[in-house]
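Have a look at these structures, which come just after this line.
First chain A sits with chain B, and in the next complex the same chain sits with chain C.
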Partner chain A sequence: MTTLEQLVKIFADTFQVSTEQITDGFSSETVDNWDSVTQLSLVTTVEDTFDIMLDTDDILDFKSFSKAKEIIAKYGINP
Partner chain B sequence: MVLNINQVNSEATAIIDDEGKALTYGQLCHYVELIGTQIPTRSVVFVLSKNIPGSVAALLGCLNCGAVPLLIGSETDADLVDSLLQLYRPQYILQPTDLPNRHHLEKKAEFLGFDIFATGEVPYPIYRDLALLLPTSGSTGSPKLVRHSLNNIEANAKNVAEGLSISLKDRPLLILPMHYTMGLSIICSHLVVGATIVMTEKTLTDRALWKVFEEQKITSLTGVPFSFEILNKLRFFRNDFPYLNLISQGGGKLSQELFSTIVTYASERGKRFVATYGQTEATARMSYLPAEKAAEKICSIGLPFPNGTFAILDENGNETITGEATGELVFKGPNVTLGYAKSIEDLTLGDENNGILFTGDIAMRDGDGYYFIVGRKSRFLKLYGIRVGLDDVENLVKSNFPLDCACTGNDDKMLVYITDSTYEEKVKQMILSKTGLFHQAIEVIVKDEITRSQAGKVIYSQQ
Partner chain C sequence: MRLSEYDNIVIAGMAAAVPSQKISVETYYEDFGQDTVQKFSEMAGVKEVVRAKDQQTASDLGYEAAVHLLETNDIDRKDIGILIFVSQKPDYRSPATAFVLQKRLDLNAGVLCMDINLACSGFVYGLQTAHALLNSSNKKYALLITADTSNKTLSREDRTMIMLFGDSGSATLLEKTDVQNHKSQFGLRTNGQKFKSIITPAGAFRNMHLKNITEEWSDGIRRSDYNTHMKGMDVFGFSITDVPLLMKDFLAHTNTSPEDYDVFALHQANLYILKQLSRKIKIPIDKIPISIDLYGNNSSNAIPLLLCQHFAGTEQPNLRTFICGFGAGLSWACGAINIDPKKILPILITDAYYQDGL
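Up next, the complex of A and B:
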């Protein structure tokens, strides 16, 4: 699985939607059940999967699929 | 006036909202009186609350004029609200103006972002001391409510303010929803001393919340175990917040590791960490672990708040109040509520508890008299800080599907056993949509049959 596919799968699993729905427009603004519970789960799974540790600002900014790609790239994980 | 809010300097700020808009004690009193002119005493009122100042005015307005509010979250599933409406037939509904008027009710008035609707229902008899109703398991729409008196609310407010040394200089950040008993306790225990409450609808993972935290010079933060997991993830405990003085926790048991992390943070940064214990049935809080004992008594629920006492029931059902012991925890105090209501008729019931609460929790008392929760007799879980009645979920499943069902689990995950694999996904989706729980908090398991005793009772330990 490519890094991008892994990231898509994490999002799809966390929000219980199909992988086709995970596009750049997938964000806390457009998803109903995006709250602190799902966000914590999302961040924790990303950290565990890619073996990175996000800093506070990055966790707070982790609010959309496009932003997520940008953030993990900063940690050397290139989707 | 209720909680003596008219005794506070009327120019002092009572509540600040997410936009930084302030409501003074004088203004709060004005709205409390205004609500009293719209709603007759002894009415039953549904208050659909969210964390905005109008919700506090709605609550206090009802309490002050002798109407009885039932507080439920404004985001509660509409079907669940409707089933409560049918059951309790309130004469009035107070709800945020952005919610739809689904039943085309007559609008009586507006205040602070709230509409007052008259339902046209006929008033019915209720017990003279009944003042407030809170759901036991809000998210499942269970009809089981906890009946509070005004004395319960005022005793909780004063005893908690005294125990936690809350002063009028305090500026707590209210993140917990106010329709949760702990959220309500934060509001009442601060208003009673004239402090300023900062209310937010934002969550800990919103950047905007941290802006409010800094700008409003927050002095105290209260959370449930899950809040502290998020704070830990956000590396909160590596930062200094110069105005923060008190960190308090309730709503379940912290892990030892997290408890120790907070203790260390508090002692290094000169802040107080106070763990508390409570239940809706005792108007939120029963005990607290004094900050200076936190390092020594890790994960203890401490000692009762002023005017309360604890006892432990031994195997023979005798109460013990000193010495090492383990057994069911019993609490006595003026904040023990009147009892439950499951129907409209139950609202006529008097005080069934007489100040004594059998908590359903198993506690251990150490040689120094400090209490620790070690288990639970009662059939509920605390999932991400939300209390979920296992019997309520079973009933939800059985009433929506032709299935036998048994629910068990722990505070990490609820296990829902059913007997037909074709319903597996449907059951899960129904529970998720009704309760708003996170999907990883629920696992639906299909088995041939639910294990029962010869008497037909579900054997939960053998599913």
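Up next, the complex of A and C:
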């Protein structure tokens, strides 16, 4: 599984949607059940999967799929 | 930061009480989905919480903890000069619940009684206030009771809160001593600009006429104005920015480092926040005991509950203990205190409640 596929799967599993729905437009603005529980579950799963620890600003900015790709790239994980 | 320091007051005893009813996170599989609940449990560290019975108020839990404490410590109750009750779930709109507790504990008229309306920072604020009042009085003891039944104002459909919060009470006895080697230090901060971050909008006097109707809010969760609402990510951001900043400032002002403390008794907000604090302050994780797994987030009781769970009955010597609480207000505080494990009682389980006759 590629890094991008892993990231898509994490989003799909967290929000209980199909992988086809995970696009760059998938964000806290467009998803109904995006709240502190889903965002922190998302962040911790990403940290565990890619063995990274996000900085505070990145945890708080982790609010869309496109932003997620940008953030993990800073830690050397290139989707 | 507001700093204060005392050197003649010791923690003479501490007790905590929890209800018998345990609610496992698995209870919510049907409501929120198994995957969501399991991810929440892994992130927040909660496996189950304790929940008060309908008739059981916060003060009932605090009272039982106080009785447990006072019966164990053979002191003359007339020497208690201060009774502080910290809670966001009082018995009545008026009078303050501290008066109910004064009656039930049979304390005499020479006691200063008052409530403090605080949540997760409440133990540290209450402890600081009790130190200040005891220090300036002619009495020997102060009794600090913290208790909350947070669940009573939560929407059963609010997955951000209902799986997280537990109900409990605690009692801490402070004693003034002649020996001036019991240094207690406190550092406090407040940000009222963020008072809406954790709020129960109705039920008091600002929004007296709101109807108790459950409807979907902008976050997609159904609740009423009588339910407590938390802006989860705002509070999380505060918890991993402002709180570690205070902890660092406090360490700098007291010229101490994590190596100088035996224990970091931190508010059990959620496990992920505790890991973030450990990382930011460079605290070895084995110095941060955990109780959120079995009890959840217990508001102002989190710190005494944690200390009772982990240190009651142990033979360890005095523990230099760093305490830190943070939450509604927004309000956050930390302190450095001495804990003698021999003075810490095991957690009491009780469903007792007061039949006031009204």
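What we mean here is this: the second predicted complex is superposed on the first by the 79 of 79 C-alpha atoms of A that agree within 3 Å, B and C clash if a C-alpha of one lies under 4 Å from a C-alpha of the other, contacts with A are read in each partner's own complex, and residues count from 1 in each chain.
Keep this in mind: a residue touches a chain if its C-beta (ideal position, glycine included) is under 8 Å from a C-beta of that chain, and two chains touch if they have at least 3 such contacts.
Keep in mind that this is a model prediction, so the values were computed, not measured.
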First (chain B), second (chain C), both or neither touched by A:Ile59: both
First (chain B), second (chain C), both or neither touched by A:Ser41: both
First (chain B), second (chain C), both or neither touched by A:Asn78: neither
First, second, both or neither for A:Thr2, with chain B first and chain C second: neither
Which superposed partner A:Gln16 touches (first chain B, second chain C, both, neither): both
On chain A, positions contacted by chain B and by chain C: 16, 33, 35-41, 44, 56, 59-60
Residue ranges of chain C touching chain A (in the complex, touch as defined): 33, 35-36, 39-40, 42-44, 159-160, 219-221, 230, 232-233, 235-237, 240-241, 270, 272, 276, 279
Interfacial residue positions of chain B with respect to chain A in the complex: 203-207, 210, 226, 229-230, 233-236, 239, 384, 436, 438-440
In the complex with chain C, residue positions of chain A that touch it: 13-14, 16, 32-33, 35-41, 44-45, 53, 56, 59-60
Chain B partner contacts - residues on chain A that touch it in the complex: 16, 33, 35-41, 43-44, 55-56, 59-61
